[in-house]
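Two complexes follow with chain A in common, the first pairing it with chain B and the second with chain C.
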Partner chain A sequence: MARRYDSRTTIFSPEGRLYQIEYAMEAISHAGTVIGILAKDGVVLAAEKRVTSKLLDRAEASGEKIFTLNSNVVAGVAGITADANSLVNYARMAAQRHLFSFDEDIPVEQLAQKLCDLKQGYTQYGGLRPFGVSLLYAGHDPHHGFQLYHSDPSGNYSGWKATCIGANNGTAQSLLKQDYKDGMGLWEPAPKPAEGEPGAEGEPSKYGAVELAARVLSKTLDATTLDSEKVEFAIITLDRKTDLPKPRIFKPEEIDRLLAKYELGKPSDETPGTGTATPAAVAAGSQGERMDVS
Partner chain B sequence: MSILEYNGGSVVAMRGKKCVAIAGDLRLGNRNMTLATNFEKVFPINPKLYVGLPGLQTDVLTLKERFRFRTNMYKMKESRDISPLTFARLVASTLYERRWSPYFVEPVIAGLDETTNEPFIAATDLIGCLNFAKDFVVSGTASDKLFGVAEALWEPELESEDLFETISQTLLNAVDRDALSGWGAVVHVITADKIITRTLKARMD
Partner chain C sequence: MESSFAITGKDYTLIVSDTSAAHSIVRMKDDEDKMRVLSPHLVMAYNGEPGDTVQFAEYVQRNLRLYGIRNNVELRPAAAAAWTRRELADSLRSRSPYQVNLLLAGFDVPSSRPALYWIDYLGTLASVPYAAHGYASFFVTSTLDRYHTPGASLEEGLELARRCADEVEKRLIVSGGGWKVRVVDREGAREIKLREGQA
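Take a look at the complex of A and B:
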């Protein structure tokens, strides 16, 4: 079957596929979901943590899913944790090298490109396996304002208004498609367009980007309730006084307050229609106690 | 003329009671010609840690940017600000990396420990020999004069307002005896809750 063509990354199969890349993406589809949404005043990332155990010493730990790459970019990762940590470190160094050379924060797209150039190299040279990580980059630069990018193991990237990686990403993506409205703020919903404008006929948007991310995450999660032990949240905005980008990874107490405000934290009976993840999908996506994929 | 004297400039830092102060002149010269009177050589690393970099201007700017690179990486990896002692060691190792082709800068470090707020000052030579003084540290073209005035004026356990007066008089009078330093001065006084930065009225010659 495909077995003959999947052991080396640097060769095509007869059907013109790169199996190692596809297997890498398969690894990512078992990892914790990360959702990113672009708003007019910022970008939000919401992620589901996979590695949860009472024995984990969380107090001193750094994040598992969301990392600051630079003062103007935060990233969410999904896939092989060790590969993700390596890429995050590479991205941080790349951003600092740019800052050293140009005395300017690296533009968000350039940072995504640098990582993608690295990832693509592993699909063509060296005979090494690809990185089993997809990333969402949420950032700001003076050239293009707030931006959200997604990159995958093939080294391809694209810009998005709202997107999702990791487990159940198809579900989340369609939910985002329904509920995302242009012009939404991080904390307020998009203003209702005037009569005759495109979108005026549809439902007015109810949620700001942060609330939308939280709601979509709660619907795609394998667990029944959200709490600060299972999710990570981050936003990037512009500081009102200095006009500089301000990344903010929420602390557990802040996440609890946020979830309480949106009434997503309480344990709830599964009401029909709220969850679109079927029991079969949940079982297939669950990783149990696997520590290497998150 | 040594290459360390080419651009001119001097910095001094002093320890006080639960505070530190660091001050530098503002001159940038080209041998005996003054080019700028607004060239600051004391830079913040984090809200309670400053580094003064007197010496060759190109190395001053490059080192400031190298330290920014390394401390930004440190902060992202450790999720905390670098402590003054660790930063001093970072300065020393950065300079020693160039042992055989050195940066022509002799840095001065002043700050408060981020958790205990313990005052900290240190200085290094151009190849990274650390000096952890208990009282004051000096560097630059007026360093000999700074030693003299500081030794005379400094006393232990000065409050922040008195420390400000002491370090200001030390810097002003020392650079007035040095042709290559002066043309203005800036003083930063760092305490647990705030930093006060003042520009001094100096002899503009």
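Take a look at the complex of A and C:
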């Protein structure tokens, strides 16, 4: 039945559905998971890489899932990689155009809207297929502070405290619903509410946002353990001294250290795949910078 | 003939324009408002080529208003000034540039600071503590150099503005007709009287 109405994006089916968009979302549900969590001092993105191979040249390549869009926004993508790269490029140009005209960083919501306007166009004009990509935008601006947005192939977007896209997003979403607590920090759990305030009766929050993202990701991953070959991590915070947004995509050594800290990585007596988690490399990585101090 | 000047203080910006509209030797009007309120915390005073002035000022006003409605948030003074400057700079290399000079007076809500920008028709932009355009600038710049202090109260600012107005009235060959004064602070932009008993 759907066969007749799904070959062109620009037509509705008799039931009022746009099949091409639904098929695009279906493509995304097979892609690597990306989780985003909003904290009071930053936003974290954690993603599962799908393209893993010892032969990949990790040192030079850019990420597969997480990209910097501007100095105040990082994005995680899920779906068709080539489409995602095209959208990321468009977003970067849109951000610079705004900087050119207004001499200020583009507000996060406006960047999401620009991409959504583009995506919506592909559902209505031109007879071209939609972009098979969902994105999570994690960013900061002086108007609304830290923000997390999600957009999908239909061109719709919404703001979230915690959400996820890609494979197993239903599982991840329910885990996030259980464990997300308002007021959590990137590295500290949310403070326990006082007696009588909402949330005081429930379980106290155990995790900071980064740890929660790592734990939820490990539960939804296909593999049994996490390591830096399979995941990408990024946070965006405010630099304490300059008050400017600071995006940070973690290097593989930093991810290994993080996973070791949360005891989510491979056990220490196993030989790591590319030898990046040796003590010397871990100490030398990031020039001694502490992960939990922005 | 056209004069405008502006002063920043502790938590406000004052902006003053003369109110005379003349054609050659005839004063057509002495209560002309040579400012436009661009957004809740931004006021712009303009002078220059008649026609170009109002055209450009209203163009800026309507575009900033559209931005505010579309994005649910006011453009901050620095961003609005950058955009306005870009428009003038683009216009400069067109067939007929806008010959308009501007003072942009505002209050930056996120940082709680007053803002003042001097822009000329070439697309020069300067963020300044006080500024003037037109004939007034010949007299008022030295007055402000001598008597301006940063972080002054509104009363002190108004006193300084009166000093400037007095200087222009005393020394400029033609009368400016009167003065239109606005103050921009956290609460927004409002008109204010320079001297008691003035219209």
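We adopt the following convention: the second predicted complex is superposed on the first by the 266 of 294 C-alpha atoms of A that agree within 3 Å, B and C clash if a C-alpha of one lies under 4 Å from a C-alpha of the other, contacts with A are read in each partner's own complex, and residues count from 1 in each chain.
Simple rule for what comes next: a residue touches a chain if its C-beta (ideal position, glycine included) is under 8 Å from a C-beta of that chain, and two chains touch if they have at least 3 such contacts.
Note that this is a predicted model, so its numbers are computed, not measured.
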Joint occupancy of chain A by chain B and chain C, clash or fit: fit
First (chain B), second (chain C), both or neither touched by A:Q110: second
Partner chain(s) touched by A:D239 [first = chain B, second = chain C, both, neither]: neither
Chain B versus chain C as contact partner of A:F102, first or second or both or neither: second
First (chain B), second (chain C), both or neither touched by A:H143: second
Chain B versus chain C as contact partner of A:D57, first or second or both or neither: neither
Touching partner for A:E253 - first (chain B), second (chain C), both, neither: neither
Which of chain B and chain C A:R92 touches, first, second, both or neither: first
Shortest span in Å between Cα atoms of chain B and of chain C, once chain A is used as the common reference: 5
Common ground on chain A, meaning residues reached by chain C in one complex and by chain B in the other: 100, 103
In the complex, chain A residues that touch chain B: 62, 67-71, 89, 92-93, 96-97, 99-100, 103
Of all residues in chain A, those that touch chain C in their complex: 100-104, 107, 109-110, 142-143
In the complex with chain A, residue positions of chain B that touch it: 65-66, 68-69, 72-73, 76-77, 79
Complex interface listing, chain C residues touching chain A: 71, 73, 75-76, 78-80, 82-83, 86, 110-111
